[in-house]
């Protein structure tokens, strides 16, 4: 990661989109040529219920300034209730991030159905602007995990707290 | 085809020596190349760890594009593949197949969506290029960790279920039954036929609807390969493509379907001497008794008792002459709901549409002025088997001398339905012709734009113009009984700007016909959830691809036919029903389907036996061995959502293609390099 | 019944040509155990003329009135500002909407208010007296206050343009019914007619009691209303706007001549009808200011204060 | 047949050449109105014209006005009577199937035509509008008698005589007076308007 001091701050946002609703909505935004901030990088998961709290922490520690989680609307989950799990974990995770001094705006959960391409556009733009206003996330305290996934003690604890 | 073919055979190749990744960047003509600097992405990709080859090509999905991948794999240059092109929902299956053809597991493949997620949505070229690089890096990092997986297959049950017995369901059922498949056709009304059965004539040929529909209805009933369930609905669906278990509820009609011959003697015998209840099939214009048959050619020709109206059900005191009148002893007043479960390989949804509720537009006076009708009501008036035997008689009596037909009621309207309902222009012209023919009335059509694309449609418009139907280009603002002049007294006045002459006109008429638009069924959302498919914002079911997979859904094994997917006229509906039947036949005759590879599995050694996953699994796919205190996943039942994986406290639950390690790598990839 | 007193914004016309509207509202509200307190030093709402010259200034005019209303109620919490003239009502609502939306216009108006030592916090909200009567005081309380039921009186309720347009805050935009329910609550019979919200034509753009720019159009439009109400058997037209009221009552003779059909139908403020049913002194209701006033002969005569009508 | 035969006069070339049109006009109008850009979505259905109580008295129906605005016929639009005939009853706005804020667009067209002095001559509404605004600016409230008289004097003194009797009746009933209504804080009101002016 290189930071060019002369360049204005451009937030990096990692997004976890469920395959059935939000990722499809993002495709729809594309098909409809809705222009939005290029700051969001989407990672496709089958269900927002797959989002492990560690993914969020990993993203923040690897240089993301914010994390967006997108799932189906309540009651619309392709797997019945994965999005409820996502919401429960999100709420706990948000409390934890607050304790770590991370602003609420940096973690966002949105229900975006397959037909809501415009909502993808709106949410991505909004979140980019909010984080741009907050400035870069500077965290020394978030533990770094290695990529091969060897789970250290902290990660285990996080998982226990949040699942 | 968006679905991989069954029976992908692949020879395992050695992965010794670590991953060697090939990155293929697609131009997609100018769709990507017009925004993203392809060369820069290729150069960047070639610097990433484990990348052995980085190439670009105009259309990676074309045969030569796919051959690039196959050749590199076969030549041993690469053993993993990343394609940066469109969305995986579009072409993942294509490239997995190419990877398999190259001689390895189709799952040594990852896609980066640099079209839908980058070039189509980004304003600035440099931004787009940077984002494309990040997504490619994510894919490269993750594909290095992909494991060797064999495609899983499951056999397909040969039986098929069709939900909805309108013309779409009927046509699909007959097509498949003729091909030798057993079809369960489920219809919630007491007869099949749907909306088409209510029409008198069909545009543009003016065929009599009954003449072309009723033979097909009879054929359904007579077909040995069709099990017809009317007055029934689906209450639950379990399983997956190729093997669904569907639970159906049979509602009581209080008459045994196997005994009733449709002689209708019971209706004559009923203690209700007069038919007093507004008949649903006649849009309330005709009347029926508590025991009734919707229309003479109802299929099956079995009567129904309406317990809301039947004196026996209301008071328990009725001599029940109906029972007496029945020679077959078909009555069973003790009937209750029954449930039945069937196993089918595929499902076609043909649940149809409803028409817009005209009362939502008070400015048109529907429900206030008796001589304002909906188009469906007029269909019944014109129908020889309808409440007036085909005479156009007004509610207040008498024949209309001047008739106004208002197009686009509820359609093309931001306050109601934004979409064009597609069929109203044509059926309004048809009604104009019929009303003029039957009554000799002057007919005015008020339209916003005339839409007559279709074989013979413009010619039909031409014919109607020749017949002297008045066409006023302007949306009607209101229908009123306020008379501003003598000729308006006692009549309805239609107010619209004739936009072609640039003046507002007030046209007094005796009858107003509202060309109500096409809407999703009111319970479309429930049906969507039941079958696990999706709806657009307006509520029509979403097809897998608007052009290339118009009858498939995102849920394998569930297909669509007819107006439940969007407004359609009869020819289109029938064509789509045929297409859905063909897709199902292809699947059933193949005998096997490829299952989702991304199932969960438990690392036995790491499992702590906490049972968190067992309770979370929505499909009951996780079992628990009480002796060993270990969980295990039944991969046939697992649908691959990964909910258990996200929750497993010890990291023992993992998901093929979405392991923690793979996702961590993708996160790093999208963040680290750009 | 609500015991609170209400903040009242009359606007120029409900103090001028339509002063009977303010007088009768005042009397009726007091009779119902509440009352109206006029905003001190209120200014004109700008009507629809000012937005045609400078829209932001029009917002500033109404913003001042809203801010003054808030000053009268320094405690936190919403302040209902009753605007009787529907033109003023629309102007206040529109301003409320614009100022609720953060943006350059809201900032500018906020700054302009600050420059004269005022502040609009968003607490003051425009309400129409009809809304308050139906939805806060309630039809039951109004019925209970009736001593002289208007049995047999057929009333055409005329809502006019701006009571339900462009903002439909408390009633249906296409077929409003709150006035009909009010007159029914005092024993009269509302007639059903299709012109409840059709523009009366005259005064909307003139701000004064003149047949101004286009006498022909104004006459036609008002005539259509009067003719239709008469044709459907109405004895009276009830209005909620000083300009509509004047326009409908003021030129009937001229219309009779112009269109060749005799016209003679009182156009009154709805609050005047309510007041009559409540037995309030006609003088307090400004009945004497009407150009036409007549109760049909077939109406039963109720004993003063007795309240038992002969059928 | 009714009506006199029309007198022939040579008709000029009525084609609209691109050079005569202002392609930016629609955007200019749209920018002045909340949701004004919806005018680009107009489908020319004519609902506005037919619900309009006064479209029959307009030289261009509201629908045509929108079409011409969109086509960039700046001159014709700004010289039209239609925005001044509009009664601001908002029927078009609430009935429009595409939610075009037509009434507000009418107000915007009035504003532009006041600035550019293209409003119709010998028509009371623009005069009236200005007189009304001036009065409020000066006094804070309007006095109906004054505004009427001013209007008559400026545009059509004959009407004053015609309407004198009704004016007298209103005065007798206390509904009209010659005393000019005024607010106390006139200076501050003027400061407010100055700060808010566009």
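Descriptive notes on the structure:
The first chain written gets the first letter, and so on, giving A, B, C and D; residue counts start at 1 in each chain.
Here, a contact is a pair of C-beta atoms (placed from the backbone, for glycine too) under 8 Å apart; a residue touches a chain by one contact, two chains touch by 3 or more.
Fair warning: this is a prediction, and the values are worked out from it, not measured in the lab.
Chain closest to the overall centre, judged by the mean of its C-alpha atoms against the mean of all protein C-alpha atoms: B. One simple way to say how far apart two chains are is to compare their mean CA positions; for chain A and chain B this gives 32 Å.
Inter-chain spacing, taken between the CA centroids of chain A and chain C, is 53 Å. Note on chain placement: the centre of chain C and the centre of chain D lie 24 Å apart, centres being C-alpha means. With centres defined as mean CA coordinates, chain D is found 50 Å away from chain B. Among the residues of chain D, those touching two or more other chains are numbered 56. Multi-chain contact residues of chain A (touching two or more other chains): none found. Across the assembly, chain B contributes residues 363 that each touch 2 or more other chains. Of all possible chain pairs, those that touch are A-B, B-C, B-D, C-D. Residue ranges of chain A in contact with chain B, taken from their complex: 1, 12, 14, 19-21, 23-24, 26-27, 29-31, 33-36, 38, 41-47, 49-52, 54-55, 58-59, 62-64, 75-76, 78-82, 85-86, 89, 113-116, 121, 145, 147-149, 151, 156, 159-160, 163. By the touch criterion stated above, chain B contacts chain A in their complex at residues 87-90, 113, 115-118, 120-124, 127-128, 130-131, 134-135, 138, 141, 529, 532, 534-537, 542, 554-555, 598, 612, 616, 618-619, 639-643, 645-651, 655, 658-661, 663-668, 670-672. Residue ranges of chain B in contact with chain C, taken from their complex: 362-363, 480-482, 484. Looking at the complex, you find that chain D touches chain B at residues 43-52, 55-56, 61, 63-64, 95, 97-99.
Residues 363, 412-415, 448-449, 473-478, 495-499, 502-504 of chain B are the ones touching chain D in the complex.
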